[in-house]
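To keep things simple, chains are lettered A, B, C and D as they appear, and every chain counts its residues starting from 1.
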Amino acid sequence: MPAGLYRALLTVAGAAVAIVLAVVISSVAISAAGASPLDAFAALFNFGETERQVVNGITTMVNRSVPLFIAGLAVAVGFRMNLFNIGVEGQYRLAAICAAWVGAQFTAPPLIQILVIIVVAAAVGGLYALIPAVMKVTRGVNEVIATIMLNYIAINLAAFLVRGPFTGERAAGQLTTSTPQIPESGWFPNLNWIFEMFGMPAPRGGGLWGFLLVAVLLGVGLWLLLERTRFGFDVKASGLNASAALASGVKPKKMVISAMVLSGAIAGLIGLPEILGDKHSFGSNFTPGLGFLGIAVALLGRNKPGGIAIAALLFGFLDRAQGPLQFADVPPSVITIMQGTIVLLVVIANEVTRRIALRREERRAARHLGANTPVEVTA
Amino acid sequence: GSGNGGDTSASTASSGGTSSEASKSGLKVGLAFDVGGRGDKSFNDAAYAGLEKAKSELKADIKELSPAADGSNRGELLRQLADAGYNPIIGVGFAYGEDIKKAAEEYPDIQFAVVDSASNAPNVTGLLFAEEQGSYLAGVAAATKAKSGHVGFVGGVENDLIKKFEAGFVAGVKSVKADAKIDVKYLTPDGDFSGFKAPDKGKVAAEKMFQDGAEIVYHAAGDSGLGVFQAAAAAGKKAIGVDSDQRQTVKEADLQSVIMTSMLKRVDVAVFEFVKAFQGGAKGGSNTVYDLKVDGVGLSTTGGEIDDIKDKLDAAKKDIVDGKITVPAKP
Amino acid sequence: MTRVGKYHLALIGAAVLILMLSLVRTLSGQNDITSSGTFSAALLLAVPIGLAGLGGLWAERAGVTNIGLEGMMVLGTWFAGWAGYQWGFMAALVAGLVAGAVGGLLHAVATVSFGVDHIISGVAINLLGPGITRFLSEVLYKEGTGAAARGAGITTSPALSSQAPEVSLPLLSTGPDWLGSLENTHVFLLSDVAGILRGLTHEVNILVILAVLMLPLTFFVLWHTAFGLRLRSAGENPWAAESLGVNVYLIKYVAVVISGAFAGLGGVFLVFVSTKYVEGQTAGRGFIGLAAMIFGNWRPGGLAAGAALFGYADGLQLRSSGAVTSFFLFGALLLVLYVAARLRGMLAPGRPAELAARTAKDYTTLAASAVGAAILVWLWLTVDKLPNEFVFITPHVLTLLVLLVASQRLRMPTADGVRYRRGEQH
Amino acid sequence: MSSDTLAAARPAVELEGITKRFPGVVANRDIRITVEPGTVHAIVGENGAGKSTLMKILYGMQRPDEGTIRVNGEAVSFRTPSDAIAVGIGMVHQHFMLADNFTVLENIVLGAEPKKAGRLDFEAARARIRELGGSHGLHVDPDRLVEDLGVGDRQRVEILKVLYRGARILILDEPTAVLVPQEVEELFDNLRRLKADGLTVIFISHKLDEVLSIADAITVIRRGTTVASVNPQDVTARQLAELMVGSELPTPETRESTVTEHVALSVSHLTIEADGHRPLPKGVDLPAYVDKLRSEGRRLLLDDVSFEIHRGEILGIAGVEGNGQSELIEAIMGTRPSLGRVELDGADISAWSTLKRRESGIGYIPEDRHRQGLLLEASLWENRVLGHQTRPPAGPGFWLRRRAAKADTRRIVEEYDVRTPSVETLALALSGGNQQKLIVGREMSGEPTFLIAAHPTRGVDVGAQAAIWDHLRNARAAGLAVLLISADLDELIGLSDTLHVMYRGRLVAKLDPSDVTPQRLGGYMTGAITGAEEK
């Protein structure tokens, strides 16, 4: 069996075992809560009776996955280089509010309007990530603390902006504050036609967010960039062995800055699916915490775009069940427990399978070498 | 896919779901909580109390859902309730404003209500509270009781809802003593809801006010209010609770005694009245304001500490109800 | 530098700091800068951060990065609340400690036995902590349970059935309260010292005393006992330790479990302050604790300084937004001092002339510092109230600034975060 | 065999039938060794013969699959090193096992700490270390940080660690690899004293003359098994070598000179300050500035280094590790800022980036292949690309040309005899020698005009060593200029056309490799002989 295939099969097997274990553990918890695990798992997979409910369920799941996927990508770019960008949280919030505000300041043909919003978001996210990057390369400040601090600062800054300079008009009696509404030309068209193509009803709400396409493109682009280009090679080299990368002509400072800025720029897009597809503004109850979840998603996906997509869908799948579980009288926090155990068990499984694969490879190499097989010696 | 491709209009969706198991009255009420969820001993639980009353008195079938910790699925919960055949559906908390509007457009045959936010669609009822009016009375009580004329206000999160409390309170205090000193402190900025969950910070903020000479501190800070009560107890001063009658809901005896009164916000009444009106055939598109006039807000009297100034409070209330005083909703 | 030298330097530093605070207070009239209230609030807010930081210290000195402190702290708060409402504060302390330790154990199993990346395992624990506690609340505190009747809800436990005692220094900070009287005279320096001392000795929770004692204890154990030497060796060169018969796995297990216990203790303290478990009350303190530890160069003393900085800044902004603006003045003073010191160095006789080129950069720094000082003074004079959002971030901005200045002197344990396997040398 | 001699001296260590298998490798097979007490017993064998594995088994770090161990006549079974320590065995490892950020004292007492009232008794430890140092001639200040120590001192700390535990049986795994001859002599004096005190020493080395001068008995291991036990009086180095490898030892001899007139690399006044780089003040002459720095008492890692290398020339630099060789490489590679001028083929490259330097024809075989030369967890073809990202086969351009890179890697595997299943294999699966061959192949493929070869055959077995020497010689004949840095003095003397000695950051002597002995070279390297000796 080729080494690559063997490794892939092992990974899948490991993940499967981990998920089964996580199911067992959560079943115990559900039983302890006095509910039936069977009901709970039925609720997980029950997307509803009517077609529309099914479509809504799928849409909820995918819509949840899209920002998580982007967040995972953002974290993974840094991780590839052993850069821990814990600041995705702050970067996306600041980027989201700035993009939402800029997008509401003018009206242009849809393509241009949306493009401008995306560019602003990426630029703000990237610039905000530039701060810890510069601090790291010039003053050696550990990026973990710097980004933790900058998260708090970003959250407060966003709060200041949304209530102050960037605040929009409000209907009487409305208590949420938000930036002005983005004109319709800045709304990302939804993908409801996909459902209609299969003769199914369109989902409710903002529909299937069109930003999904951007996310897919982003994933593919990032994969190409990381796996197929010189830049990707330099990132990988810096992550695997910084001093070897240095000796081979990779500039570590430049790499730290570009990886961090790239990570921040991607992070800047996390809020856009929601803003362009549904809310059309940044408000005080904008979804928080996606940056932190992105860390878990990236880890689960082993920092590879394909894996991150699967991990994001898994998280989306589980999160969708928050409501259905309550209909089945199961405490919805079971979802968080499942997510946590899956992450922990999958990384343990990854580690174990990685070691098995390495052992096998070493054995193959050794066999090929044939050096240390004992020889008959006459002393 | 199935051949049922014609089923794309939003109006037919509400007929799906569980119509077969309707209750005796046929009334199925759905309610979606704000972050924190049922059992928070405060806002959400008050809403639930109203819902339970509807269950027992109006024989309603009820279903209540809590959102995820980040509140990202509020809209989903509304849709899931609608798809399951619930009507009416209530969203608890101003954060539901936008989501209710969208859901209402998608399900025009279902009646919605939203607590703390205005109606924004023909089938949405806004259940609003005149927190500023209740807070005005709290301000009057505080200023009257505080001989030095020094009082304080601790807000959990600096958002517009909490600012209504501040505005009313300040106006009430000033109406009694124009030169009163009012310390105001918020624990966290808008968007960072940890300010409702930080008793230690509430304690520090209130402690400072008491040390500076404040005699009574009013809080609108959720669980952080606990810290305010502790600071009051330590300083031998008084505090004013919020939302429910905290002298009853707070179980610690030493803290109960510092709660001079609480500004009541009768979410339970609003929820129950809404369901009842729905049963009576009422349609949305307007707001119901729960103010002093309908006793939607007010002061609690447990402990009898404000009994002696009842006249003064009643007078102020009458002025407001009569429109002689207009309480500002913004500081 | 000898140990004595460092110790003296720290004392001198503290004295200079107090002097400057006193100066700023007198100039600005913001008494809260050194009031006992501010310092007691600072202590209150610093202790959980410091305990989390100690947790980080124990783990990282043994070579295990612990970003899961937050999750362990959350476990600590929940179990402290749960045990405390039934059996009182001692039970709360034990339960929170054990819960945190169990979180640490989980981290140890993943990182030490299975060799999982430390950050990954920590992130998973941060996800699990809140999930588990919310779930437990949903199950044990739901309506109809005894706990609910005693005031529990989905987000809170019932109040502790007994409170941890608080103590004060007799005469000085209670009763006749001499320090308090002295503080209220607002005399330059004297009142400031009195305020600080009183703040740190008035009605102090015994857990605070315990927590503060943990600092020298940690120092003693890690740097003056055989066990500590072995523990640190696991963080510096586990292979060397292994070759000398040290059971590195065991050491790491012990260290990470202790680390979790400290995080749990931080949670217990939060519960003691609020007298009950409140969901979300940790509010990222695990992360801040980690930051304080890095800030403190992986040493108990430095960590204490980091936690104190956070506690002080947070306490000050909670008590007085006005006092925060005075720190513009503080900054200006610092810059002026810096400029003076540099000028003195440059004008010192006997400076070799060919170093002139190097001073070109110096002049820019000097000019920038002077301009900075002027801007700060101007800000202090003109801004009388910062928007609250800017006040809230004071501690975080301060930490960033200090790191910018000092982070090049940090040295983390050499094998920190390294996946160690027995018998596999690097 | 008389019974009273047996009773008088039971063997200190007896190994019988020891077998140890690793996945795919039998590291030890049916090993039999008897070590008499109070002797120095040498174990020799080529790289990968299984010496270290055997010693780790004896020290409890690894468990044998088969076989028995007897210490002082008692059968033992070790689970961890502490078990071995308990019966009086101590081991000095092939690679230093020291925590750099700890003091000497902390490193020594770790695991066997003296305690007083619950605390670590530093005073007692200090006293005992001084006493041990005094009685065995191993003087190190117990309160210094290990990171500030040179290799010789570190070696002494390692031995003190073992003695501190009261070991009566010492295992020294290649202790001389990093030492210069003078230090080796000192070490041997120490060992003789230990022997006189009744201790038993097991000594591992590749260097046969050393072995012959110190050992009382010699065991030869080949391909994991004992092939002979000999008496040093009865064998010559040549015979020993033949036992080890089954053939005659190769020598790194360069035949006729190929040095041309054309200067490939010229380095002038290269200087690096120890405490951070500061640019040269404008209008100041560099040599004068360096004089100034010296007179101010600043520590210089590189102190006014100048030399030229011609095409077809190998310039060797001898020196004890830590005397500026690494800094010299870093300055030439541009990975560390420095003062002074570096010219490649007449072009001033001092301000160029590392990448540009590599692109313009500098090849680099790094001193530590794991740290600077390889991505261990990446495939061989990716390692082929490392350092050549912008050049064929993978470059130039934005996209990486994977297919071409793989094809070229296959070529290297073929030409340089890299033993590997495929080019997709991860680098860490390869043995050290094969990793080194890959690196040499990679660097030669970049068609360099100038090559830095730092310890090119370190830790490589004899076969691979000879192959690498051949490659260097061939490239030299084709006009390559080589800067050779090595700790192996035979390699240096054999390969170099010109030989410089580096001491404390300065080039202190220029010697003629054809008439210098390792002893004299060692004298310059340790500063024992001063004054440049121009050829």
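FYI, a residue touches a chain if its C-beta (ideal position, glycine included) is under 8 Å from a C-beta of that chain, and two chains touch if they have at least 3 such contacts.
Note that the structure is a prediction, hence the values are computed from the model and not measured.
Comparing the chain pairs B-C and A-B, the larger number of C-beta pairs in contact belongs to A-B. In whole angstrom, the spacing between the mean C-alpha positions of chain A and chain B is 35. Taking the mean of the C-alpha atoms as each chain's centre, chain A and chain C sit 31 Å apart. Mean C-alpha positions place chain B and chain D at a centre distance of 75 Å.
Residues of chain C found to touch two or more other chains are 130, 134, 138, 284, 389, 392. In chain A, the residues touching two or more other chains are 156, 159-160, 335-336.
Contact between chains, per the stated criterion, is found for A-B, A-C, A-D, B-C, C-D. Interface of chain D with chain A (complex): residues 22-27, 29, 48, 50, 222-228, 333, 335, 353-359, 364, 366, 371-378, 382, 385-390, 394-395, 397-400, 402, 419-422, 424-426, 428-431, 434.
Note for the complex: chain B touches chain C at residues 36-42, 45, 66, 69, 158, 185-189, 192-194, 197-201, 203-205, 207-208, 211, 223, 226-227, 230, 234, 249-252.
The residues of chain A lying in touch with chain D in their complex are 3-4, 228-234, 236-237, 240-241, 243-251, 358-359, 361-375, 377, 379. Across the interface of their complex, chain C is touched by residues 59, 61-62, 80-85, 91, 93, 95, 97-102, 106-107, 109-113, 115, 118-120, 161, 278, 281-284, 289, 292, 296 of chain D.
Those residues of chain C whose C-beta lies close enough to touch chain B in the complex are 32, 37, 41, 44-45, 130, 134, 137-138, 141-143, 148, 150-151, 153-156, 158-159, 203, 270, 273-276, 278-281, 283-284, 314-315, 318-321, 388-389, 392.
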